[in-house]
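What follows is a pair of complexes built around chain A, which joins chain B in one and chain C in the other.
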Partner chain A sequence: MEILIYGTVNSMALALMALGFALVYGISRVPNFAHGAIYVVSGFLTWTFLRVVGLNYFLSAVLAILVTGLIGALLYQFVLIRVRGMAISEIIASYAIGLAILEGLRWGGFRGMTYSLPVFVEDMVIIAGVPIDFHRLLLIAIGVAVIAVLWAFTHFTRLGLALRGMAQDERAALMLGIDSDRMALIATALGSMLAGLAAIVLLPLGNIVVEAGYNVLIMAIAVCIVGGLGSWMGAVLAAFLIGFAQILTVVYLGSHYQIVVALLAIIFTLILRPSGLFGRQKELEERV
Partner chain B sequence: MRKAFTLFIPVVLLTFLFSAVPCAFSQKPIIIGAPLSTAFLYGWGAQRGMVLAVEEINAQGGVDVAGKKQPLKVEVIDTRDLEPGVPVSEALMAVEKLILEKKADFIIGGPVRSEAALAAMDLLAKYKKVSILTTGVLTPRYHARVAEEYDRLKYCFRIHGEAGQLVKEIMACFKEIQEEHGLNKVFIMVQDVAHARGGGEVLGKVAAGQGWTVTGTEIYPTGTTDFSMGLLKARRTEAQILNIWMDMPESSILLKQWYELQIPALPFGSTLAAAEQPGFWKATEGKGEYTLCNVVNAGNAPSEATPWTMKFYDAYTKRWNIEPEGLGCSSSYMAVYVLKEAIERAGSLDSDKVVQAMEKTDMMGVYGRLRFDPKTHQVIPALEPDEGAVGSILQWQDGKRVVVFPKSIATGPIQLPPWMKK
Partner chain C sequence: MTIGELRKERVDRGIKVRTEGIYALMSWRELAYLALPRLVLIAGLLALPFLVPGMYWQKVISIVSIYALLAISFDFLAHYVGLVSLGGAFFIGTGGYVAAIANKTLGLPIFLTIPIATIAGAAICTLLLLPCLPLRGVYFAIVTLMYPLVLARIIEALDILGGTDGIMGVASFPGHWTEQYVVIIMVLVFLFGLRRLVNLDIGLVLRGVKDNDQAVRASGMNITRYKALAVFIASSMGCLAGACLVHIYMWAGISLFALDFSILPIAATVIGGGGTLAGPVLGCLILVPASELLRAFGTLRIAFYSLILVGFIVYKSEGIMVFGQRKYHQFERWVKI
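The block that comes next holds the complex of A and B.
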């Protein structure tokens, strides 16, 4: 039961971390390596609105998500748009921006363990003999809600259908009058907002530290590679695979090996099926 | 004419200012190189302790080197060795840069990570630089190496406690907890770094030998942010004490999760940098209450260990607008005074002469009587301040850091969280 409950929590946390990255790549084909930095920025923004400005928690979270969305849009409009289509340049540019943000925060004094966000609900419950706090239960609920909303958005709204169209075939989408740059900008903004939301849900379980940006990026990449770059449903499935594998590793081998699971997952996926579980990119090349 | 007059006044003032400076500052300063991981408590605390001591000594005229007063100057380089993924070579480059570029006469402080400090010993031997470790490095291998290769490594000293001594203090504290609260099962949680792995292993063996049941050991990579499964393991195995060896800031997350899951085991940090700091209460929103942690030396938390303890504590608080936060503060402060005395006794900056003088150190400091073992160059520990360097274990109680061990300097008893009381 412990494995089931905490495996689900861990998987949902990984899914939240990775969804934004998967969304941006799936639509714009730009790997946003500033994803982890945006996650951390969202945490610090919420902290600032809550602790410094004195807004209530909900408003602070909403504002932080909106600002991270704006950061994502600006990142695309002023940096990524110029290098879009040049894979190496995309990686270098986005990683450099992420690095500058994270190290800038560290330089600016955002270090140590004094920055933290309160949990949403301060209580715990015992389910089948396993104690779990309400915040983790809320994390599962929010994760499910995000996946459902994302699915509905991409299936039933005009903008969502346009984004899907572009994800499926950019040239065909262009012929149908969909502005690919505008869609990529929206996707980057949405991906950043998802990173921001993930931070607000996950950071109350710990502290806001700059190093989290690097960890989140690694986990997002691992999930997306296993799930298949470009497939956000694949990312969700991969999050569950890695999430449960990590918990099983902790239970049967030890916490020490937890991080190895994600890294091994990347290596094995790249060796056995480079396109991932649901990735279509290079699938044809692989078959050839 | 008016323009010339306005220029004349500053020139006169500057001339007066320079002529009025005490003659000590016309002498070449003695450079103290400080390789420290400055983004972490064990780095910035050490830097602040050192700077405070240097300012105090310089205000009194500096160091008397064979009749000539010389001021002290601290040069700090960030080694980043406490950060996850930063290779040891970074710290070694920092030490070498301090020696070659900054022309450090002595090294005080780090490197802070045991692995880096062990590797730096050969550099210090190569350049014959007297070094006093003041923070972070707890591995017993450090002073063991000095004893094994004395002639080559005699320049290396350590003025704070090491893992072996820490384990002795912790076991003595465990015994008190056992007697007062009837606890006898311990679960060990360790960060994957040399001093913590070693410390946890030794504590496990010693505890088992003294009748404690060790219900499990978990090792976490540096930077871990989720400890829930380990905590549940501790709960499942009915552990009553969580013995934590972690210097990463993320360890405060462990304490938050411990509170949120209401784990019925008393958290006891052998090294627990996060809980040492006054900011811990705010960082955990009070959820870290009842956490015990070893700040290694007295003076890093308020107590009356010696007449100098609170004098230092207050001076540090006044200078930095924050109390001494943990390991590295009082020891780095004292290291500068110990070095000053050794230089004055040696009457020279020559490394070999200073080593000889350092071996004869015997002074009452912030955390008790300070002497070095002449064979290992490790500061001699004790449970009584009159006999040697005393440690300090504190517990968070109602937002305050209360020293609970050793009894000779304790300011309150150990308390259990409400969900552990029968």
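The block that comes next holds the complex of A and C.
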């Protein structure tokens, strides 16, 4: 029962981390290696708004998410747009920006145990004999809500349909009058906002540290590869697979092996089914 | 006449065209045109230890050469085979640990540990990367990014190979002149060796793998085998660099898997000019001393060269070497449209 509950929590956390990355890659085909950095930035922004500026928690969280969205948009508009379509340059440019942000933050003194966000609700309940705090339950609820909202957004709004159209076939979308650069800009902003939201939901469970940026990036990528790059539902499913696998390794082997699980998951997926569980990139399967 | 009615035209210099054929051997001028850039590079690198002031900067020269080896291997993999490896630290770490174990546990002398680390380390790297070789582009980059991190975690978790303390007391080079000249000569050997290699038949196949692997496969060649060969060559350079580094620092530890070894060679390649093989060496000669000067800023150094990297890749993606080659081989003029 413990494994079931904490596995669900962990899986939801992974899904939240990965959705932003999956969204950006699915729509603009740019792997946003700055994802982890944006996640950490959002955490520090919330902390700054909350502790330094003195806004209330909800307001500072919303502001932080908006600012991270803006960062994502700027990142696309001034850097990624120029290298889009060149695989090597995309990777190097976005990775370098992520590194610059993270190492800049580390240099700026944001390190150690001093930075943490409060949990949303200080309380805990006991479900089937397992104590679980309210924040983790809220995490599951927010995760489900985000997935539902994303689904509704991409299926029922004009903008969401345009984004989905571009994800399916960029050229056809262009012919139908969808501005692909604007859509990619929106997608990057949305993906960054999702990273920001994930940070605000997940960071109260621990401290805000720069290293989290690398871990989040790696986990997001692992989830996306296992689920199939560009497939959102695949990412959610893969988050559950890896999430439960991780909790099982923590229970039976030790917490140091968590990241090894992620790597093994990637390698096995790539060998057995290169396009991932739900990957739509058939051409990749042919190429591999 | 306004700019709109003119366009810039680039024309090869006559001497370049002449030196491409047998005529190169017919006059000293043509011979010099061909040999000069190479001689400047070789003589410059060999003279470098005499030119810099003091022991400290001589140490920096050794570090430059180590990064140069890594950068050449990155350039070779990325621009001639199409495998973008974000895990230079993986090669460094493997080579370094193999050298340290050979030296400390087996008690082998330094002139044996370095070749052993080069060959055995490269074999280990190739073996570990073998499952990922069918991947291309983003996928390969991601997996190689994870390898050094994962290996560092495993060493930390299992407390093997000295755990977080690392392996101390590895033998040093017999003298600091040997130390510098071993790495500098290795850079030159690998640089010119690879330049030769990519122009051989096998280089052609490798470039074919990069541009259109299906066509290579359709010609009845096993692309995974060629990729494995390329990874072996590249990782042997990385492992050699790692082994030398361990012997210079007399210590092998988890910091061999640090991010610096992955990001700096990439930055050097982009700045120096990708696909030229000599460009990365140039990039290292600029970046490593710059990063030494910025040592006081700590991790801000990484942020600093990441930003340079972004600037170059977005606004000047050809790099210094390609730019220089163009100026050397071609002249430009404005012509009427």
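Operating definition for what follows: the second predicted complex is superposed on the first by the 282 of 288 C-alpha atoms of A that agree within 3 Å, B and C clash if a C-alpha of one lies under 4 Å from a C-alpha of the other, contacts with A are read in each partner's own complex, and residues count from 1 in each chain.
Going forward, a contact is a pair of C-beta atoms (placed from the backbone, for glycine too) under 8 Å apart; a residue touches a chain by one contact, two chains touch by 3 or more.
Model, not experiment: these values are computed from the prediction.
Colleague: Should chain B and chain C be called a clash or a fit once both complexes are overlaid on chain A?
Modeller: clash
Colleague: A:206 contacts which: chain B (first), chain C (second), both, neither?
Modeller: first
Colleague: Applying the document's definition of touch, where does A:157 land relative to chain B and chain C: first, second, both, or neither?
Modeller: neither
Colleague: Where does A:130 make contact in the superposed view: on chain B (first), on chain C (second), on both, or on neither?
Modeller: first
Colleague: Figure out whether A:271 sits in contact with chain B (first) or chain C (second), or with both, or with neither.
Modeller: second
Colleague: Is A:56 in contact with chain B, with chain C, with both, or with neither (first, second, both, neither)?
Modeller: So A:56 meets neither chain B nor chain C here.
Colleague: Classify the contacts of A:168 with the two partner chains as first (chain B alone), second (chain C alone), both, or neither.
Modeller: So A:168 meets neither chain B nor chain C here.
Colleague: Taking the superposition as given, does A:2 touch the first partner, chain B, the second, chain C, both, or neither?
Modeller: first
Colleague: Touching A:10, do we find chain B (first), chain C (second), both, or neither?
Modeller: Once the two structures are laid over each other on A, A:10 reaches chain B alone.
Colleague: Check the residue A:92 against both partner chains and state whether it touches chain B (first), chain C (second), both, or neither.
Modeller: The second partner, chain C, only.
Colleague: Based on the superposition described at the top, state which of 112-120, 130-138 or 346-354 belonging to chain B clashes with chain C.
Modeller: The listed stretch with clashing C-alpha atoms is 112-120.
Colleague: Based on the A-chain superposition described above, do chain B and chain C contact any of the same residues on chain A, and if so which?
Modeller: The answer is residues 106, 254, 256, 259 of chain A.
Colleague: Please output the residues of chain A touching chain B within their complex, sorted ascending.
Modeller: Per the stated touch rule, the residues are 2, 6, 9-10, 13, 106, 111-116, 118-119, 124, 130-133, 135-136, 205-207, 209, 211-212, 215, 247, 250-251, 254-256, 258-259.
Colleague: Show me the residue ranges of chain C that touch chain A in the complex, using the header's touch definition.
Modeller: 78, 84, 86, 131-132, 134-139, 141-143, 145-147, 149-150, 153-154, 156-157, 213-214, 259, 263, 266-267, 270, 297-303, 306-307, 309-310, 313-315, 317
Colleague: Touching chain A in the complex: which residues of chain B?
Modeller: Per the touch definition, chain B meets chain A at residues 39-41, 83-84, 192, 218-221, 223-230, 232-233, 235-236, 249-250, 252-253, 256-257, 260-262, 274, 277, 279-280, 282-285.
Colleague: What part of chain A is in contact with chain C in the complex they form?
Modeller: 31, 79, 82-83, 87-93, 95-97, 99-101, 103-104, 106-107, 214, 218, 221-222, 225, 229, 254, 256-257, 259-260, 262-263, 266-267, 270-271, 274, 286-288
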